[in-house]
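Shared between the two complexes below is subunit A, which pairs with subunit B and subunit C, respectively.
Now for the complex of A and B:
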């Protein structure tokens, strides 16, 4: 049975985990600064609406969602690889994680993309 | 002369159903090491106590064991520095116990062979001299060639506890020693073993190996360098 270690030995995903980590940190900083620390006036639904209606911010949050999900799910997968030796179990876990990731990504997308003022 | 108590892990698979601990009292003159105490027990109190030792000065790597919970060489562990009483002596964790403090190191050495711990060269050597290694090139290997293969690092590694197939810090440090040897041309051959689900990526920089190494080496750092090397080779 094939080893479910992401095709190669894992170099690519190890690297991407680091890159996504750094990018996420920056995105998170921007998100926190604009939303929580330096909002112009009080945070109101109208303001969030206005911001999230702009295509630039939509793209920002889609990237955020994609990278956040990748980073989190890959992290769980790495832990699973540490402790789960059986290929069949690895296959099941990887499958469940991918399905969960896909569902969450879809939920995120249908929230962010159609958002209109 | 001060007396110290030792609580020692005992297990004989032929007669014991499960491991047990046995206590001994030993007179320890100043300067005694744990190995001296074990010798004293074996030679004067209980000849059945089994452990490995050879050089008794920290170079053969046979006497690595867990002393008061930490991996060290029995021949280098000074009894007077060990505060806990009794001093608890156990075999290296996560290796199968053969008897008492003697563990099966076969898997450990098999993994060492997997990383091809020898110079791999493809170009013919110069006819009039040896392959050149400059002093700077030689310096790159400082901290990598001194490993005595005692197994203290691998046995202290939580990634190895979880995955017995994991190459472990000792084998990876050896891989570093050859991959970063400027005369070596075998990176590609070693890549599959390193970039593998039981290879480099199982190291999560926990640093236990650094703490355990009786030679003060830093396998975690070397593994980090190998990760960078593999990434740059592949992408």
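Now for the complex of A and C:
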């Protein structure tokens, strides 16, 4: 059976974890500032509508969701590999993580993409 | 297994814990925000619930977790791609000082239901 660990693209994901981290840092800063600090006051449907009905913001959030899920799920996978040695268990965990990621990505997509005024 | 708990060890463990919390939050965040698709009234009702003190507290906690994870991430980049291994402890405390200041600036408006600009709620 193929070993789901060292020598299976780990270095590539190690690198992508850093790249996605840098991008997420910038996107998160924009996200925090635009949702929580400017404009003023509580979050309302109207305020979300004003942003999320624009194609540019849709793209922003699709990239944000995809990278966030990749970075987070890859993170759990990295931790799991430190504690789970058996390749059959690793295979199950990786499968579950991918399914969870895909479901959350689809849930995010059906929120962001069709949203309009 | 035995660990030697110095700056590097603690920051490594905290990175994992904050990372775990953040992916849990992201899943919850995506789930809650899918209520946007159910229309304005239902979403605004949900947002009113989010104004309760317990959620404000969680929001401030999230800010702290995000700041730690981001800044320690920057430290990791210095170690992996630069010469950060030579000064990683100093860098850690330098970044944590920046983090504490950012946390205070960011958390006060959340608790006051206000933004840094002031103005309406």
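In the analysis below, the second predicted complex is superposed on the first by the 110 of 117 C-alpha atoms of A that agree within 3 Å, B and C clash if a C-alpha of one lies under 4 Å from a C-alpha of the other, contacts with A are read in each partner's own complex, and residues count from 1 in each chain.
The working rule: a contact is a pair of C-beta atoms (placed from the backbone, for glycine too) under 8 Å apart; a residue touches a chain by one contact, two chains touch by 3 or more.
Computed from a predicted model, the values in this text were never measured in an experiment.
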item	value
First, second, both or neither for A:12, with subunit B first and subunit C second	first
Which of subunit B and subunit C A:81 touches, first, second, both or neither	first
Partner chain in contact with A:115 - subunit B first, subunit C second, else both or neither	second
Residue contacts on subunit A - larger count, subunit B or subunit C	C
Subunit B/subunit C common contact set on subunit A	none
Subunit A-touching residues of subunit B, taken from the complex the two chains share	159, 162-163, 165, 192, 194-197, 199-202, 204, 227, 230-231, 234-235
Complex contacts: residues of subunit A adjacent to subunit C	18, 21-22, 25, 28, 32, 36-46, 48-49, 52, 65, 68-69, 72-73, 75-76, 79, 100, 104, 107-108, 110-111, 114-115
Complex contacts: residues of subunit A adjacent to subunit B	3, 5, 8-15, 78, 81-83, 85
Of subunit C, residues touching subunit A in the complex	16, 19-20, 22-23, 26-27, 30-31, 33-34, 36-37, 39-40, 43-44, 47, 50-51, 66, 70, 73-74, 76-77, 80-81, 106, 109-110, 113, 115-121
